[in-house]
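Some structures are shown below for you to check.
Both complexes shown next keep chain A, but they swap its partner, so chain B is in the first and chain C is in the second.
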Partner chain A sequence: MAQSTAHRRLLQEYKSLTNNPPDGITAGPVSEDDLLHWEALIEGPEETPFEGGIFPAELKFPKDYPLSPPTMKFTGWIFHPNVYKNGSVCISILHPPGEDPNHYEHASERWSPIQSVEKILISVMSMLAEPNDESPANIDAAKMWRERRDEYNDMVRQGVLKMLGL
Partner chain B sequence: MDSDEDFMSNLSSDEDLIQDDSDNVMEDLSGAEDFDDFDDFDEEDDSDEDIGLQKDIMSKKKYSNEISFTVHRPEDIQKQQDDMINEVNMILELRKEDAAILLRHFRWDNQRLLETYMEDPNRVLEAAGLGANVVGPPKLEAIPGFVCDICCEDKYGLQSFAIKCGHRYCVDCYRHYLTQKIKEEGEAARIQCPADGCPRIIDARSLDLLVTSDLRDRYRELLNRTYVEDRDQLKWCPAPDCINAVHCGVKKKDLSRIVPIVECTCKHRFCFGCILADHQPTPCELVKLWLKKCADDSETANWISAHTKECPKCNSTIEKNGGCNHMTCRKCRHEFCWMCMGLWSEHGTSWYNCNRYEEKSGTEARDAQAKSRKSLERYLHYYNRYANHEQSARLDKDIFQKTQKKMVNLQSASGMSWIEVQYLNAASQCLQTCRQTLKWTYAFAFYLARNNRTEIFEDNQKDLEMAVEALSEMFEKPVTELAHSKLKVDILDKTAYCNKRRIILLDDTAEGLANGLWEFQVEIGNNGQTSRQ
Partner chain C sequence: MANDQLNLGPLILILVLSGLILRYLFVTSQPQPQRRDPQAAHRAREEATQRILQIFPRVDRRSILWDLQRTGGNVDATTERILTGRLATPPITFQPPPPPPGSSITTAASSQPGHGAKLVESSSQPDLITRYNLQNKLSSVTAAEQQQPAVVDKKGKVWSSNKDERQAALQKRREDMILAARRKMEAKLAAQKNAPT
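Right, the complex of A and B next:
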């Protein structure tokens, strides 16, 4: 076998993402030599304070992909209840099945081999629009989002403008 | 007695004898029903020979504290499921594995299943995760040009599998998925097709085809577990390493009127309502309250209010640890009298001697104090007695071992035969059961309101307690004294008396509970039979 399962599968996914890219999402390996390291760009969803922004992120795949999920990290500025301050994304689809360390996610919401990079990116995009403040990764952001929504929206808009160099 | 078999069956009959008599009645009932009859009849034949007379009298009357139940072994549980599956299989002409999935979907309520199915079979099949389309037996297939969606493998002759829905994956990925579900997530009854959002349930026959035998065993075990958990009338015996389940018809809503104590064939006695060990006569709800009260620190707070006072000015908590009554609060420098809590300045010249009666400033503080002290004392009265019996219960194992040793010593010292010293074993068992009951009578009494019924209850409790203590004392006598036949007769009598007193007490309390005659200080049940003081 010349290629491992992970390579074969990632190549397949890359192909379908390039041929049929979903709206507002671009993703692919950083270089053809290392298929386990991807880069993605996500557009801020419309009618949210993230609108107009382009958010770069990196995806790292484990060797046993698709049995285990990849990890995802925003590399630029982001202020969101479900993103840690270092940029790591906390979302149920990225959590492996089995024992749930947080004890609130259903097995069906978590990672399984039939999920895909495309589904992850779409989930993250909808997460930007609708944060889940039940299990915040960034407590400050969650508190602000919950209690002072206007201030949160302003802060995100400012961040987006700054990122765009305006 | 000429064979080992006889020897063993006598052992079991003796065990019957030493348990309280209620068991005999219950075993009659369970023997009359379908399971375990072989063992039960064996035991009963023998015990009839030994204690036939006593048993006849006892089994005539059914006491209020007794309920009927049956113990099911794993084979029985499997058989019940198979029977129901076969029935549905025959009536509806479905495959057996599909019938099983339907039954699980309806939580083994076959009447409801049949009725709903007759109305609209397709809807029922859909809801249970079965498609309407019929396919042949599950098989692995190698389809030319097939690419597995999970691993993207496409080599020629790749074995693949799909259930009715047609979501096809290669054998390795399917197997991995099932292993994950069974081993890590402990799922069995509702494993869905791996495809995202596909609700089809994987049946037992397909599973058998795909996984290894150890996983298959685990799968069956999990299925049995869901079967017992799905049925309200079945519960696992909570004893360590016990694999039996108990069937009992007592409903959840009746728990305020009945204490459903059942006994597994492993000898463990437990409450069918809350799975805790035997807690007759106290109903589950009061048990929960009591255990919570004992566990949390509400009593610490009570102790603080009984043993300390608060500075009348700044409310700091102060414990007086000696010295005179002239207190000066360390925090706010307020000066007051420890006795009357009044201002020290009002004491005038009568320093160090508070003989003033009922000054306004002190009365209120003292009243609150007295009340909380009384409540603490009341609680401690019951708790100490409860804890004492619990302590004794903890020494059960110790006592049991000591008894065994004593019986051996007694045989060699007095020349008595094995069967002649069994009365000690009976006494030891009786002590344990009675102490367990006594322990819970104190939790029960703590919540009782004062009235005539309570007086009668306390008399019963006193009788049993005195008898138990007397038996306990006799039981601890040295071997030389135990050899006297008079003491043996005394112990036998006392044992019988204790068992009888215990039954009387439990019968009386259970009857009162069933008819809502007890008045508690807290509200239990939904029917509002009790009042708050």
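Right, the complex of A and C next:
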């Protein structure tokens, strides 16, 4: 069976993420029988309330990857302005190529085949550290982050402990 | 006369309908928390509050009681709301009874040590230790294993040409990452506890 472009490319990305994993990131297919479904673990960035935590997420790739971007969804506890309550991540690098009709994002920030899983995961990691206040996905989290930062930080720390079973 | 009779039909209909609506309103508002025993209900509420306070010592007791009142004493629902930041501030008129002097957090903890853990497990998102079945590995790590992490890491990071080996190596990396984070956090918590404040 001839392997599709998506499979070849994903296998290659998996290989490079295995040999040179970025700090605080572990990612790969849930099972190699289905390369379009990955699981990633992201470490909470240091100097943030997420520090010390591990956040699991699943990535689902379309058949025409890398032309179209994957979707990413946190599968554990998360409370962040740019993550929907169901865990879906809202970040420009996951948005399809082309200009944003609302002109919030530059084309260069959005998905294109020169991006990669590694770049997505690194972007999400820095998003945890620095929420983007312009396009909140979780209104409650955004509001608390903006107006009651101490309470937000407290809640994130509790969530981190909960995820580690502590 | 003919007119009157024509209007009678709709009139009766309206009367019957409004009667039904009124009945509906009464019936639905009546069978709410028919407390069999206010004492027992109060005790159960207090117990639930203590359990939540064990997990979230910083959350206001009054807010917890208010939320429990609204959820009918559902601890999971209230926990979920605290975690997602949707815990509402109670109105000033809500004045719960003060906590009974005997049942401080310490007595609750000593009598039911497993409660906190049970609560976390039963919520919609299991923690990572449960999800990856790492309970056994948590305690079984020896000093010897911790002494040679470099070797393990290197081995795990090299791309194998065998699919199953790759899968196993990835699985191991995931588990190691979670276990390392857990241990680090445990050490941090222990240090915080011992440090004089």
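Keep in mind that, in the parts below, the second predicted complex is superposed on the first by the 161 of 166 C-alpha atoms of A that agree within 3 Å, B and C clash if a C-alpha of one lies under 4 Å from a C-alpha of the other, contacts with A are read in each partner's own complex, and residues count from 1 in each chain.
As a convention for this text, a contact is a pair of C-beta atoms (placed from the backbone, for glycine too) under 8 Å apart; a residue touches a chain by one contact, two chains touch by 3 or more.
Worth saying up front: this structure is predicted, and the values here are computed from it rather than measured.
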- request: Identify whether chain B and chain C fit side by side or clash on chain A in the overlaid structures.
  value: fit
Message: One more residue to check, A:5. First (chain B), second (chain C), both or neither?
response: first
Message: Quick check on the superposed pair: does A:66 touch chain B, chain C, both, or neither? Answer first, second, both or neither.
response: first
- request: Return first, second, both or neither, reflecting whether A:28 touches chain B, chain C, both chains, or no partner chain.
  value: second
- prompt: If you count the residues of chain A that each partner touches, which comes out higher, chain B or chain C?
  reply: C
Message: With both complexes superposed on chain A, which partner does A:97 reach: first (chain B), second (chain C), both or neither?
response: first
Message: Output check: A:115 vs chain B and chain C. Expected answer is one of first, second, both, neither. What do you get?
response: first
Message: Looking at A:19 after the superposition, I want to know if it touches chain B, chain C, both of them or none. Which is it: first, second, both, neither?
response: second
- prompt: Which of the two partners, first being chain B and second being chain C, lies in contact with A:140: first, second, both, or neither?
  reply: second
Smallest distance from any CA atom of chain C to any CA atom of chain B, in Å, after fitting: 18
- request: Mind listing the chain C positions that touch chain A in their complex?
  value: 55-56, 58, 82-86, 117, 120, 125, 127-131, 157-159, 163, 166-167, 169-170, 173-174, 177-178, 181-182, 184-186, 188-189
- line: Within their complex, chain A touches chain C through residues 15, 18-19, 21, 26, 28, 31-32, 39, 41, 43, 52-54, 56, 75-77, 79, 85, 140-141, 144, 151-152, 154-155, 158-166
Message: Quick check on the complex: what are the chain A residues that touch chain B?
response: 5, 8-9, 11-12, 66-67, 97-99, 107, 112-115, 119
- prompt: Which residues, counting only chain B, touch chain A once they are in their complex?
  reply: 149-153, 173, 176-177, 180, 184-185, 187, 194-196
